[in-house]
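Taking it in order: structure first as C-alpha coordinates, then the write-up.
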(Lines give C-alpha, C1' and ligand atoms only; values in the text may rest on other atoms or scores of the structure.)
Protein backbone atom coordinates (compact mmCIF):
# COMPACT_ATOMS: atom_id res chain seq x y z
CA UNK A 1 0.00 0.00 0.00
CA UNK A 2 1.51 3.24 -1.09
CA UNK A 3 1.93 5.96 1.50
CA UNK A 4 0.67 8.37 -1.15
CA UNK A 5 -2.92 7.63 -0.19
CA UNK A 6 -2.55 8.75 3.36
CA UNK A 7 -2.80 12.51 2.76
CA UNK A 8 -5.76 11.98 0.43
CA UNK A 9 -7.52 9.84 3.01
CA UNK A 10 -6.79 12.50 5.61
CA UNK A 11 -8.15 15.29 3.40
CA UNK A 12 -11.29 13.30 2.60
CA UNK A 13 -12.02 12.59 6.24
CA UNK A 14 -11.48 16.26 7.03
CA UNK A 15 -13.76 17.63 4.32
CA UNK A 16 -16.57 15.10 4.30
CA UNK A 17 -19.78 16.33 5.91
CA UNK A 18 -20.70 12.78 6.94
CA UNK A 19 -18.74 9.82 8.24
CA UNK A 20 -17.21 7.87 5.36
CA UNK A 21 -17.78 4.13 5.22
CA UNK A 22 -15.16 1.65 4.11
CA UNK A 23 -17.15 1.12 0.90
CA UNK A 24 -17.25 4.84 0.17
CA UNK A 25 -13.55 5.15 0.86
CA UNK A 26 -12.82 2.23 -1.45
CA UNK A 27 -14.62 4.03 -4.24
CA UNK A 28 -13.05 7.39 -3.53
CA UNK A 29 -9.51 6.09 -3.22
CA UNK A 30 -9.78 3.23 -5.69
CA UNK A 31 -8.28 0.89 -3.15
CA UNK A 32 -9.29 -2.49 -1.76
CA UNK A 33 -10.82 -2.95 1.67
CA UNK A 34 -7.62 -4.15 3.29
CA UNK A 35 -5.69 -1.19 1.99
CA UNK A 36 -8.27 1.23 3.32
CA UNK A 37 -8.29 -0.36 6.77
CA UNK A 38 -4.51 -0.33 6.89
CA UNK A 39 -4.42 3.32 5.92
CA UNK A 40 -7.02 4.22 8.50
CA UNK A 41 -5.02 2.50 11.23
CA UNK A 42 -1.86 4.10 9.96
CA UNK A 43 -3.44 7.58 10.15
CA UNK A 44 -4.76 6.88 13.66
CA UNK A 45 -1.34 5.78 14.89
CA UNK A 46 0.33 8.73 13.24
CA UNK A 47 -1.99 11.08 15.10
CA UNK A 48 -1.35 9.34 18.40
CA UNK A 49 2.41 9.22 18.00
CA UNK A 50 2.65 12.87 17.03
CA UNK A 51 0.40 13.93 19.88
CA UNK A 52 -1.93 15.53 17.36
CA UNK A 53 -5.00 17.43 18.52
CA UNK A 54 -7.03 15.45 16.02
CA UNK A 55 -8.14 11.84 15.96
CA UNK A 56 -10.08 9.45 13.77
CA UNK A 57 -13.21 8.03 15.32
CA UNK A 58 -15.50 5.29 14.17
CA UNK A 59 -19.16 6.18 14.36
CA UNK A 60 -22.32 4.71 12.96
CA UNK A 61 -21.79 4.34 9.29
CA UNK A 62 -18.10 5.00 9.08
CA UNK A 63 -15.08 7.04 10.06
CA UNK A 64 -14.71 10.72 10.72
CA UNK A 65 -12.12 13.17 11.88
CA UNK A 66 -12.65 14.74 15.25
CA UNK A 67 -10.81 16.67 17.93
CA UNK A 68 -9.18 14.66 20.71
CA UNK A 69 -11.80 14.18 23.45
CA UNK A 70 -9.53 15.42 26.27
CA UNK A 71 -9.25 18.82 24.54
CA UNK A 72 -12.96 19.44 24.91
CA UNK A 73 -12.59 22.11 27.63
CA UNK A 74 -10.51 24.25 25.27
CA UNK A 75 -13.05 23.94 22.51
CA UNK A 76 -15.90 25.15 24.64
CA UNK A 77 -13.92 28.39 24.92
CA UNK A 78 -14.40 28.88 21.19
CA UNK A 79 -17.95 29.91 21.85
CA UNK A 80 -16.64 32.88 23.78
CA UNK A 81 -14.61 34.39 21.00
CA UNK A 82 -16.77 33.50 18.05
CA UNK A 83 -19.55 35.81 16.99
CA UNK A 84 -22.87 34.37 18.06
CA UNK A 85 -25.53 33.62 15.53
CA UNK A 86 -29.26 33.59 15.98
CA UNK A 87 -31.15 30.35 15.58
CA UNK A 88 -33.78 30.07 12.90
CA UNK A 89 -36.71 30.49 15.34
CA UNK A 90 -35.01 33.53 16.85
CA UNK A 91 -34.44 35.07 13.42
CA UNK A 92 -38.05 34.50 12.44
CA UNK A 93 -39.34 35.94 15.67
CA UNK A 94 -37.21 39.05 15.55
CA UNK A 95 -38.19 39.53 11.90
CA UNK A 96 -41.89 39.39 12.78
CA UNK A 97 -41.39 41.82 15.64
CA UNK A 98 -39.39 44.17 13.43
CA UNK A 99 -42.06 44.32 10.76
CA UNK A 100 -45.17 44.13 12.94
CA UNK A 101 -44.19 46.13 16.01
CA UNK A 102 -45.57 46.94 18.45
CA UNK A 103 -46.78 43.37 18.71
CA UNK A 104 -47.85 40.98 21.47
CA UNK A 105 -46.53 37.50 22.12
CA UNK A 106 -49.88 36.04 21.08
CA UNK A 107 -49.71 37.86 17.77
CA UNK A 108 -46.17 36.59 17.09
CA UNK A 109 -47.27 33.08 17.99
CA UNK A 110 -50.25 33.31 15.67
CA UNK A 111 -47.90 34.13 12.81
CA UNK A 112 -45.19 31.60 13.64
CA UNK A 113 -47.65 28.90 14.65
CA UNK A 114 -45.60 27.89 17.72
CA UNK A 115 -44.93 29.15 21.22
CA UNK A 116 -42.16 31.73 21.40
CA UNK A 117 -41.59 32.27 25.16
CA UNK A 118 -38.02 30.99 25.21
CA UNK A 119 -37.09 32.79 22.05
CA UNK A 120 -38.49 36.09 23.33
CA UNK A 121 -36.41 35.78 26.48
CA UNK A 122 -33.25 35.19 24.45
CA UNK A 123 -33.97 38.14 22.20
CA UNK A 124 -34.50 40.40 25.19
CA UNK A 125 -31.29 39.15 26.80
CA UNK A 126 -29.44 39.86 23.60
CA UNK A 127 -31.02 43.31 23.59
CA UNK A 128 -32.49 42.91 20.15
CA UNK A 129 -36.04 43.50 21.28
CA UNK A 130 -37.57 45.39 24.17
CA UNK A 131 -40.87 45.91 25.86
CA UNK A 132 -42.48 49.02 24.43
CA UNK A 133 -45.72 49.12 26.37
CA UNK A 134 -48.93 47.28 26.97
CA UNK A 135 -51.82 46.77 24.64
CA UNK A 136 -55.17 48.28 25.60
CA UNK A 137 -56.80 44.93 25.38
CA UNK A 138 -58.08 42.16 27.58
CA UNK A 139 -55.28 41.25 29.98
CA UNK A 140 -53.23 44.22 28.81
CA UNK A 141 -50.61 42.02 27.11
CA UNK A 142 -47.06 43.26 26.78
CA UNK A 143 -46.12 44.84 23.46
CA UNK A 144 -42.70 44.11 21.99
CA UNK A 145 -40.63 46.16 19.61
CA UNK A 146 -37.07 46.20 18.36
CA UNK A 147 -34.29 48.01 20.17
CA UNK A 148 -31.80 50.60 19.13
CA UNK A 149 -29.00 48.02 18.92
CA UNK A 150 -31.13 45.96 16.56
CA UNK A 151 -30.99 48.79 14.06
CA UNK A 152 -27.33 49.38 14.70
CA UNK A 153 -26.49 45.81 13.73
CA UNK A 154 -27.67 46.61 10.24
CA UNK A 155 -26.35 50.13 9.96
CA UNK A 156 -29.80 51.67 10.00
CA UNK A 157 -30.70 54.89 11.76
CA UNK A 158 -34.39 54.27 12.10
CA UNK A 159 -36.99 51.60 11.59
CA UNK A 160 -38.30 53.09 8.38
CA UNK A 161 -34.97 52.17 6.79
CA UNK A 162 -35.59 48.44 7.11
CA UNK A 163 -36.22 46.98 3.67
CA UNK A 164 -39.94 47.07 2.94
CA UNK A 165 -41.96 43.98 2.16
CA UNK A 166 -41.74 44.89 -1.49
CA UNK A 167 -37.99 45.22 -1.28
CA UNK A 168 -37.76 41.87 0.49
CA UNK A 169 -39.48 40.29 -2.48
CA UNK A 170 -36.91 41.73 -4.86
CA UNK A 171 -33.90 41.18 -2.62
CA UNK A 172 -34.35 37.63 -1.50
CA UNK A 173 -34.07 35.39 -4.48
CA UNK A 174 -36.37 32.59 -5.33
CA UNK A 175 -34.73 29.42 -6.52
CA UNK A 176 -34.88 30.35 -10.21
CA UNK A 177 -32.99 33.54 -9.64
CA UNK A 178 -29.91 31.73 -8.52
CA UNK A 179 -28.81 30.25 -11.79
CA UNK A 180 -28.55 33.66 -13.35
CA UNK A 181 -25.36 34.78 -11.67
CA UNK A 182 -23.83 31.42 -11.06
CA UNK A 183 -22.50 29.54 -13.98
CA UNK A 184 -23.65 26.01 -14.25
CA UNK A 185 -20.23 24.61 -13.95
CA UNK A 186 -19.42 21.33 -12.42
CA UNK A 187 -16.79 20.99 -9.77
CA UNK A 188 -14.51 19.00 -12.03
CA UNK A 189 -14.18 21.44 -14.86
CA UNK B 1 7.08 27.94 24.41
CA UNK B 2 5.66 24.64 25.47
CA UNK B 3 4.84 22.14 22.77
CA UNK B 4 1.71 21.41 24.73
CA UNK B 5 -0.18 24.15 22.95
CA UNK B 6 0.24 22.73 19.51
CA UNK B 7 -2.50 20.05 19.74
CA UNK B 8 -4.87 22.59 21.27
CA UNK B 9 -4.17 25.07 18.50
CA UNK B 10 -4.70 22.30 15.98
CA UNK B 11 -8.01 21.26 17.53
CA UNK B 12 -9.23 24.87 17.64
CA UNK B 13 -8.39 25.49 14.00
CA UNK B 14 -10.14 22.25 13.10
CA UNK B 15 -13.28 23.05 15.04
CA UNK B 16 -13.76 26.72 14.24
CA UNK B 17 -16.19 27.37 11.40
CA UNK B 18 -14.56 30.77 10.72
CA UNK B 19 -10.96 31.82 10.40
CA UNK B 20 -9.47 32.57 13.84
CA UNK B 21 -7.53 35.80 14.20
CA UNK B 22 -4.31 36.15 16.19
CA UNK B 23 -6.28 38.11 18.78
CA UNK B 24 -8.88 35.38 19.14
CA UNK B 25 -6.18 32.74 19.41
CA UNK B 26 -4.39 34.78 22.08
CA UNK B 27 -7.58 34.86 24.11
CA UNK B 28 -8.25 31.16 23.58
CA UNK B 29 -4.76 29.94 24.35
CA UNK B 30 -3.75 32.61 26.87
CA UNK B 31 -0.53 33.14 24.99
CA UNK B 32 1.20 36.24 23.70
CA UNK B 33 1.19 37.17 20.04
CA UNK B 34 4.70 35.90 19.41
CA UNK B 35 3.90 32.52 20.92
CA UNK B 36 0.79 32.17 18.77
CA UNK B 37 2.66 33.05 15.61
CA UNK B 38 5.46 30.61 16.48
CA UNK B 39 2.96 27.86 17.11
CA UNK B 40 1.13 28.55 13.87
CA UNK B 41 4.37 28.35 11.92
CA UNK B 42 5.31 25.23 13.80
CA UNK B 43 2.02 23.56 12.88
CA UNK B 44 2.37 24.61 9.26
CA UNK B 45 5.87 23.14 9.06
CA UNK B 46 4.80 19.98 10.79
CA UNK B 47 2.07 19.47 8.17
CA UNK B 48 4.49 20.09 5.36
CA UNK B 49 7.19 17.81 6.73
CA UNK B 50 4.78 14.97 7.40
CA UNK B 51 3.25 15.31 3.96
CA UNK B 52 -0.13 15.84 5.61
CA UNK B 53 -3.27 16.23 3.52
CA UNK B 54 -4.15 19.28 5.57
CA UNK B 55 -2.73 22.78 5.64
CA UNK B 56 -3.20 26.07 7.45
CA UNK B 57 -4.25 29.04 5.32
CA UNK B 58 -4.46 32.70 6.14
CA UNK B 59 -7.62 34.41 4.96
CA UNK B 60 -9.90 37.29 5.95
CA UNK B 61 -7.56 38.32 8.73
CA UNK B 62 -7.37 34.90 10.34
CA UNK B 63 -6.17 31.34 10.09
CA UNK B 64 -8.10 28.25 9.19
CA UNK B 65 -7.54 24.61 8.46
CA UNK B 66 -8.06 23.40 4.92
CA UNK B 67 -7.16 20.53 2.66
CA UNK B 68 -3.95 20.83 0.66
CA UNK B 69 -4.78 22.61 -2.61
CA UNK B 70 -3.12 20.04 -4.86
CA UNK B 71 -5.48 17.35 -3.57
CA UNK B 72 -8.57 19.10 -4.89
CA UNK B 73 -9.23 16.64 -7.72
CA UNK B 74 -9.76 13.92 -5.09
CA UNK B 75 -12.04 16.07 -3.00
CA UNK B 76 -14.34 16.93 -5.86
CA UNK B 77 -15.30 13.28 -5.79
CA UNK B 78 -16.97 13.72 -2.43
CA UNK B 79 -20.62 14.15 -3.25
CA UNK B 80 -20.68 17.56 -1.76
CA UNK B 81 -22.74 20.39 -3.11
CA UNK B 82 -20.66 23.43 -3.67
CA UNK B 83 -22.07 26.51 -5.34
CA UNK B 84 -20.68 27.06 -8.81
CA UNK B 85 -18.27 29.74 -9.89
CA UNK B 86 -19.62 33.23 -10.26
CA UNK B 87 -20.68 34.35 -13.72
CA UNK B 88 -19.00 37.31 -15.39
CA UNK B 89 -21.84 39.72 -14.58
CA UNK B 90 -21.70 38.61 -10.95
CA UNK B 91 -17.93 39.02 -10.81
CA UNK B 92 -18.10 42.49 -12.36
CA UNK B 93 -20.85 43.53 -10.00
CA UNK B 94 -19.11 42.28 -6.87
CA UNK B 95 -15.89 43.98 -8.01
CA UNK B 96 -17.67 47.32 -8.40
CA UNK B 97 -19.28 46.91 -4.98
CA UNK B 98 -15.95 45.96 -3.41
CA UNK B 99 -14.20 49.07 -4.68
CA UNK B 100 -17.04 51.57 -4.45
CA UNK B 101 -18.80 50.51 -1.26
CA UNK B 102 -21.10 51.63 0.18
CA UNK B 103 -22.81 51.87 -3.18
CA UNK B 104 -26.37 51.86 -4.51
CA UNK B 105 -27.79 49.63 -7.22
CA UNK B 106 -28.16 52.66 -9.52
CA UNK B 107 -24.48 53.52 -9.11
CA UNK B 108 -23.44 49.97 -9.98
CA UNK B 109 -25.74 50.02 -12.99
CA UNK B 110 -24.28 53.32 -14.17
CA UNK B 111 -20.84 51.73 -14.29
CA UNK B 112 -21.88 48.43 -15.84
CA UNK B 113 -24.36 49.96 -18.26
CA UNK B 114 -26.93 47.22 -17.59
CA UNK B 115 -29.48 46.32 -14.93
CA UNK B 116 -28.09 44.26 -12.05
CA UNK B 117 -31.18 43.21 -10.04
CA UNK B 118 -30.84 39.47 -10.56
CA UNK B 119 -27.13 39.52 -9.97
CA UNK B 120 -27.50 41.50 -6.73
CA UNK B 121 -29.97 38.94 -5.43
CA UNK B 122 -27.61 36.10 -6.10
CA UNK B 123 -24.72 37.91 -4.47
CA UNK B 124 -26.89 38.54 -1.41
CA UNK B 125 -28.03 34.94 -1.34
CA UNK B 126 -24.45 33.75 -1.47
CA UNK B 127 -23.70 36.22 1.32
CA UNK B 128 -20.93 37.86 -0.66
CA UNK B 129 -22.54 41.25 -0.36
CA UNK B 130 -24.80 42.70 2.28
CA UNK B 131 -27.06 45.64 2.88
CA UNK B 132 -25.11 48.20 4.87
CA UNK B 133 -27.69 50.96 5.22
CA UNK B 134 -29.51 53.50 3.15
CA UNK B 135 -28.21 56.52 1.32
CA UNK B 136 -29.37 59.90 2.59
CA UNK B 137 -30.69 60.80 -0.80
CA UNK B 138 -33.94 61.03 -2.73
CA UNK B 139 -35.76 57.72 -2.40
CA UNK B 140 -33.26 56.61 0.25
CA UNK B 141 -31.83 53.78 -1.87
CA UNK B 142 -30.29 50.74 -0.19
CA UNK B 143 -26.50 50.77 0.11
CA UNK B 144 -24.53 47.61 -0.53
CA UNK B 145 -21.12 46.54 0.70
CA UNK B 146 -19.10 43.35 0.80
CA UNK B 147 -19.30 40.86 3.66
CA UNK B 148 -16.66 38.93 5.52
CA UNK B 149 -17.50 35.85 3.46
CA UNK B 150 -16.51 37.94 0.45
CA UNK B 151 -12.97 38.06 1.83
CA UNK B 152 -13.05 34.35 2.57
CA UNK B 153 -14.47 33.46 -0.83
CA UNK B 154 -11.80 35.29 -2.79
CA UNK B 155 -9.02 34.64 -0.32
CA UNK B 156 -8.38 38.29 0.54
CA UNK B 157 -7.06 39.29 3.94
CA UNK B 158 -8.87 42.58 4.21
CA UNK B 159 -10.45 45.14 1.94
CA UNK B 160 -7.34 47.28 1.91
CA UNK B 161 -5.54 44.31 0.38
CA UNK B 162 -7.60 44.45 -2.80
CA UNK B 163 -5.43 45.29 -5.79
CA UNK B 164 -5.78 49.02 -6.20
CA UNK B 165 -7.67 50.12 -9.27
CA UNK B 166 -4.56 52.09 -10.29
CA UNK B 167 -2.53 48.88 -10.33
CA UNK B 168 -5.26 47.20 -12.31
CA UNK B 169 -5.20 49.99 -14.82
CA UNK B 170 -1.59 49.29 -15.62
CA UNK B 171 -2.63 45.79 -16.61
CA UNK B 172 -5.19 47.07 -19.07
CA UNK B 173 -4.26 48.26 -22.53
CA UNK B 174 -3.97 52.02 -22.49
CA UNK B 175 -3.02 54.68 -25.02
CA UNK B 176 0.28 53.08 -25.99
CA UNK B 177 -0.30 49.41 -25.35
CA UNK B 178 -1.80 47.39 -28.15
CA UNK B 179 -4.92 45.64 -27.07
CA UNK B 180 -4.19 42.42 -28.86
CA UNK B 181 -0.86 41.73 -27.21
CA UNK B 182 -2.34 42.04 -23.76
CA UNK B 183 -5.19 39.76 -24.61
CA UNK B 184 -2.89 37.05 -25.88
CA UNK B 185 -0.91 37.16 -22.70
CA UNK B 186 -3.85 36.78 -20.43
CA UNK B 187 -5.05 33.83 -22.44
CA UNK B 188 -1.79 31.99 -22.07
CA UNK B 189 -1.36 32.62 -18.40
CA UNK C 1 -24.66 21.37 -44.20
CA UNK C 2 -26.02 23.52 -41.46
CA UNK C 3 -24.15 26.64 -40.57
CA UNK C 4 -24.31 27.70 -37.03
CA UNK C 5 -23.97 31.39 -36.51
CA UNK C 6 -22.46 32.15 -33.18
CA UNK C 7 -22.67 35.70 -32.03
CA UNK C 8 -20.48 36.55 -29.15
CA UNK C 9 -22.79 37.32 -26.26
CA UNK C 10 -22.26 40.79 -24.89
CA UNK C 11 -23.34 41.68 -21.45
CA UNK C 12 -24.26 45.19 -22.38
CA UNK C 13 -23.48 48.09 -24.65
CA UNK C 14 -20.20 48.92 -22.90
CA UNK C 15 -19.03 45.35 -23.28
CA UNK C 16 -19.87 45.47 -26.99
CA UNK C 17 -18.11 48.81 -27.50
CA UNK C 18 -14.96 47.58 -25.78
CA UNK C 19 -15.03 44.56 -28.07
CA UNK C 20 -15.32 46.77 -31.17
CA UNK C 21 -12.49 48.98 -29.96
CA UNK C 22 -10.32 45.93 -29.43
CA UNK C 23 -10.97 44.18 -32.72
CA UNK C 24 -10.45 47.44 -34.61
CA UNK C 25 -7.23 48.05 -32.67
CA UNK C 26 -8.11 51.66 -32.10
CA UNK C 27 -7.15 53.91 -29.21
CA UNK C 28 -9.84 54.11 -26.58
CA UNK C 29 -8.90 57.78 -26.03
CA UNK C 30 -9.31 58.58 -29.73
CA UNK C 31 -12.23 56.51 -30.93
CA UNK C 32 -13.08 56.84 -34.63
CA UNK C 33 -16.67 57.40 -33.70
CA UNK C 34 -18.21 57.08 -37.21
CA UNK C 35 -16.63 53.68 -37.80
CA UNK C 36 -17.43 52.32 -34.36
CA UNK C 37 -21.00 53.59 -34.60
CA UNK C 38 -21.47 51.83 -37.95
CA UNK C 39 -20.19 48.56 -36.53
CA UNK C 40 -22.31 48.96 -33.44
CA UNK C 41 -25.41 49.27 -35.63
CA UNK C 42 -24.33 46.31 -37.73
CA UNK C 43 -24.22 44.25 -34.62
CA UNK C 44 -27.68 45.40 -33.51
CA UNK C 45 -29.06 44.53 -36.95
CA UNK C 46 -27.49 41.12 -36.74
CA UNK C 47 -29.17 40.56 -33.42
CA UNK C 48 -32.51 41.56 -34.88
CA UNK C 49 -32.08 39.29 -37.88
CA UNK C 50 -31.39 36.43 -35.54
CA UNK C 51 -34.52 37.35 -33.66
CA UNK C 52 -32.55 38.07 -30.53
CA UNK C 53 -34.12 40.53 -28.23
CA UNK C 54 -32.17 43.78 -28.22
CA UNK C 55 -32.22 45.06 -24.69
CA UNK C 56 -33.14 48.68 -24.04
CA UNK C 57 -29.65 49.57 -22.87
CA UNK C 58 -28.26 48.80 -26.33
CA UNK C 59 -30.73 51.22 -27.93
CA UNK C 60 -29.91 53.99 -25.46
CA UNK C 61 -26.24 53.60 -26.32
CA UNK C 62 -27.09 53.65 -30.03
CA UNK C 63 -28.74 57.02 -29.56
CA UNK C 64 -25.72 58.30 -27.62
CA UNK C 65 -23.37 57.21 -30.40
CA UNK C 66 -25.44 58.96 -33.06
CA UNK C 67 -25.47 62.11 -30.97
CA UNK C 68 -21.69 62.06 -30.44
CA UNK C 69 -21.16 61.36 -34.14
CA UNK C 70 -23.24 64.37 -35.14
CA UNK C 71 -21.44 66.61 -32.66
CA UNK C 72 -18.11 65.49 -34.13
CA UNK C 73 -19.15 66.93 -37.48
CA UNK C 74 -19.27 70.42 -36.02
CA UNK C 75 -16.07 72.31 -35.29
CA UNK C 76 -15.35 72.77 -31.59
CA UNK C 77 -16.32 76.22 -30.46
CA UNK C 78 -13.83 78.23 -28.45
CA UNK C 79 -15.12 78.92 -24.95
CA UNK C 80 -14.17 81.53 -22.42
CA UNK C 81 -12.64 79.34 -19.74
CA UNK C 82 -10.84 76.39 -21.23
CA UNK C 83 -10.04 77.54 -24.70
CA UNK C 84 -12.14 74.93 -26.47
CA UNK C 85 -15.27 72.96 -25.88
CA UNK C 86 -14.88 69.49 -24.44
CA UNK C 87 -14.38 66.74 -26.98
CA UNK C 88 -17.90 65.31 -27.44
CA UNK C 89 -16.48 61.81 -26.99
CA UNK C 90 -15.12 62.48 -23.52
CA UNK C 91 -18.12 61.35 -21.40
CA UNK C 92 -18.32 58.12 -23.39
CA UNK C 93 -14.58 57.51 -23.10
CA UNK C 94 -14.68 58.11 -19.35
CA UNK C 95 -17.46 55.58 -19.02
CA UNK C 96 -15.64 52.99 -21.09
CA UNK C 97 -12.38 53.44 -19.21
CA UNK C 98 -14.15 53.15 -15.87
CA UNK C 99 -16.02 50.03 -16.93
CA UNK C 100 -12.88 48.47 -18.36
CA UNK C 101 -11.08 49.07 -15.10
CA UNK C 102 -13.69 47.12 -13.13
CA UNK C 103 -13.85 44.44 -15.75
CA UNK C 104 -10.14 43.88 -15.36
CA UNK C 105 -10.62 43.84 -11.59
CA UNK C 106 -13.30 41.18 -12.00
CA UNK C 107 -10.89 39.06 -14.03
CA UNK C 108 -8.46 39.33 -11.16
CA UNK C 109 -11.27 38.29 -8.80
CA UNK C 110 -11.95 35.24 -10.97
CA UNK C 111 -8.33 34.12 -10.56
CA UNK C 112 -8.66 34.47 -6.80
CA UNK C 113 -11.91 32.54 -6.92
CA UNK C 114 -10.27 29.70 -8.84
CA UNK C 115 -7.36 29.49 -6.46
CA UNK C 116 -9.60 29.59 -3.42
CA UNK C 117 -11.80 26.83 -4.76
CA UNK C 118 -8.93 24.41 -4.45
CA UNK C 119 -9.20 24.63 -0.69
CA UNK C 120 -11.79 22.40 0.84
CA UNK C 121 -12.99 23.34 4.28
CA UNK C 122 -14.93 21.44 6.85
CA UNK C 123 -18.54 21.61 5.84
CA UNK C 124 -20.14 20.62 9.10
CA UNK C 125 -19.18 23.03 11.83
CA UNK C 126 -18.68 21.48 15.24
CA UNK C 127 -21.72 22.28 17.34
CA UNK C 128 -20.78 25.03 19.70
CA UNK C 129 -22.85 26.88 22.22
CA UNK C 130 -22.79 30.59 21.48
CA UNK C 131 -23.40 32.46 24.67
CA UNK C 132 -21.76 35.65 25.67
CA UNK C 133 -20.07 36.28 22.35
CA UNK C 134 -20.97 39.33 20.33
CA UNK C 135 -23.82 38.69 17.98
CA UNK C 136 -23.50 38.57 14.24
CA UNK C 137 -26.64 38.72 12.15
CA UNK C 138 -26.79 39.09 8.43
CA UNK C 139 -29.73 41.18 7.33
CA UNK C 140 -30.18 38.73 4.47
CA UNK C 141 -30.74 35.96 7.05
CA UNK C 142 -33.39 38.09 8.70
CA UNK C 143 -35.11 38.79 5.39
CA UNK C 144 -35.00 35.11 4.45
CA UNK C 145 -36.56 34.25 7.79
CA UNK C 146 -39.32 36.78 7.33
CA UNK C 147 -39.98 35.64 3.81
CA UNK C 148 -40.25 32.07 5.06
CA UNK C 149 -42.71 33.15 7.75
CA UNK C 150 -44.81 34.98 5.19
CA UNK C 151 -44.86 32.00 2.86
CA UNK C 152 -45.84 29.66 5.67
CA UNK C 153 -48.47 32.04 6.95
CA UNK C 154 -50.06 32.30 3.49
CA UNK C 155 -50.83 28.61 3.75
CA UNK C 156 -52.84 29.25 6.91
CA UNK C 157 -55.92 31.08 5.72
CA UNK C 158 -57.22 31.86 9.23
CA UNK C 159 -54.49 34.35 9.70
CA UNK C 160 -54.80 37.97 8.71
CA UNK C 161 -51.21 38.75 8.11
CA UNK C 162 -51.16 41.53 5.61
CA UNK C 163 -51.86 45.03 6.75
CA UNK C 164 -55.38 45.31 8.04
CA UNK C 165 -56.95 48.74 8.16
CA UNK C 166 -55.94 50.59 11.29
CA UNK C 167 -58.80 52.31 13.10
CA UNK C 168 -58.89 55.79 14.56
CA UNK C 169 -59.61 54.22 17.93
CA UNK C 170 -56.44 52.17 17.80
CA UNK C 171 -54.38 55.20 16.97
CA UNK C 172 -55.99 57.12 19.85
CA UNK C 173 -54.89 54.34 22.18
CA UNK C 174 -51.44 54.31 20.65
CA UNK C 175 -51.07 58.06 21.19
CA UNK C 176 -52.17 57.78 24.83
CA UNK C 177 -49.76 54.85 25.32
CA UNK C 178 -46.97 56.91 23.90
CA UNK C 179 -47.79 59.83 26.18
CA UNK C 180 -47.82 57.50 29.16
CA UNK C 181 -44.20 56.63 28.42
CA UNK C 182 -42.90 60.12 27.66
CA UNK C 183 -44.43 63.52 27.58
CA UNK C 184 -44.59 65.96 26.09
CA UNK C 185 -44.09 64.43 22.70
CA UNK C 186 -43.32 66.25 19.48
CA UNK C 187 -46.11 66.24 16.92
CA UNK C 188 -43.89 64.58 14.30
CA UNK C 189 -42.93 61.83 16.72
CA UNK C 190 -46.52 60.55 16.73
CA UNK C 191 -46.12 59.53 13.11
CA UNK C 192 -43.94 56.47 12.75
CA UNK C 193 -41.37 57.11 10.07
CA UNK C 194 -42.46 53.95 8.28
CA UNK C 195 -46.11 54.99 8.30
CA UNK C 196 -47.90 54.94 5.00
CA UNK C 197 -50.35 57.61 4.00
CA UNK C 198 -53.35 55.80 5.48
CA UNK C 199 -51.66 55.44 8.85
CA UNK C 200 -50.69 59.12 8.91
CA UNK C 201 -54.25 60.16 8.13
CA UNK C 202 -55.79 57.85 10.72
CA UNK C 203 -53.27 58.95 13.35
CA UNK C 204 -54.06 62.57 12.65
CA UNK C 205 -57.79 61.89 12.94
CA UNK C 206 -57.14 60.11 16.22
CA UNK C 207 -55.23 63.10 17.53
CA UNK C 208 -58.04 65.48 16.52
CA UNK C 209 -60.52 63.23 18.31
CA UNK C 210 -58.40 63.24 21.49
CA UNK C 211 -58.19 67.02 21.36
CA UNK C 212 -61.96 67.25 20.86
CA UNK C 213 -62.51 64.96 23.86
CA UNK C 214 -60.15 67.12 25.90
CA UNK C 215 -57.87 64.14 26.59
CA UNK C 216 -54.71 65.84 25.34
CA UNK C 217 -53.27 69.32 25.20
CA UNK C 218 -51.45 70.60 22.14
CA UNK C 219 -49.30 73.70 22.11
CA UNK C 220 -46.54 75.53 20.35
CA UNK C 221 -43.87 77.54 22.10
CA UNK C 222 -43.07 79.77 19.14
CA UNK C 223 -45.02 80.57 16.03
CA UNK C 224 -43.83 78.01 13.49
CA UNK C 225 -42.09 76.33 16.42
CA UNK C 226 -42.37 72.70 17.38
CA UNK C 227 -45.85 71.45 18.14
CA UNK C 228 -45.88 69.41 21.33
CA UNK C 229 -48.53 67.21 22.85
CA UNK C 230 -49.18 66.08 26.42
CA UNK C 231 -52.01 64.47 28.31
CA UNK C 232 -54.56 66.90 29.67
CA UNK C 233 -54.35 67.20 33.43
CA UNK C 234 -57.47 65.42 34.69
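Letters A, B and C name the chains as they come in the text, with residue numbers starting at 1 for each one.
The rule is short, and it goes like this: contacts are C-beta pairs under 8 Å (C-beta built on N, C-alpha and C of every residue); 3 or more make two chains touch, one makes a residue touch a chain.
Since this is a predicted model, take the numbers as computed values, not measurements.
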Mean of the CA atoms for each chain, then the mean for all of them together: which chain is nearest?
B
Hey, which chain ends up farthest from subunit A, C-alpha centres compared?
C
Separation of mean Cα positions, subunit B and subunit A [Å, integer]
20
Express in whole angstrom the distance between the two chain centres, defined as the mean CA positions of subunit A and subunit C.
30
Chain centre separation (subunit B, subunit C; CA means) in Å:
25
Contacts with 2+ other chains: residues of subunit C
120-123, 126, 128, 139-140
Using the touch definition from the top, which residues of subunit A touch two or more other chains?
11, 14-17, 67, 75, 78, 80-83, 154, 163, 171-172
What residues on subunit B touch subunit C, complex-wise?
14-15, 17, 57, 59, 64-67, 69-70, 72, 75, 78, 80, 82, 85-86, 88-89, 91-92, 94-96, 98-99, 111-115, 124-125, 127, 130-131, 147, 152-156, 163, 165, 168-169, 171-175, 178-180, 183, 186
Using the touch definition up top, name the residues of subunit C that touch subunit A in the complex.
120-124, 126, 128-137, 139-150, 152-153, 156, 159, 161, 173, 176-178, 180-181, 192-194
Subunit A contacts subunit B in the complex at 3, 6-12, 14-17, 28-29, 46, 50-54, 65, 67-68, 71, 74-75, 77-78, 80-83, 154-157, 161, 163, 167, 170-173, 177-178, 180-188
If we count contacts the way the header does, which residues on subunit A are in touch with subunit C in the complex?
11, 14-18, 67, 75-76, 78-86, 88, 91-92, 94-96, 98-99, 110-113, 126, 128, 132-134, 136, 153-154, 158-160, 162-163, 165, 168-169, 171-172
Tell me, which parts of subunit C touch subunit B in their complex?
11-15, 21-22, 25, 27-29, 55, 57, 61, 95, 98-110, 112-123, 125-126, 128, 138-140
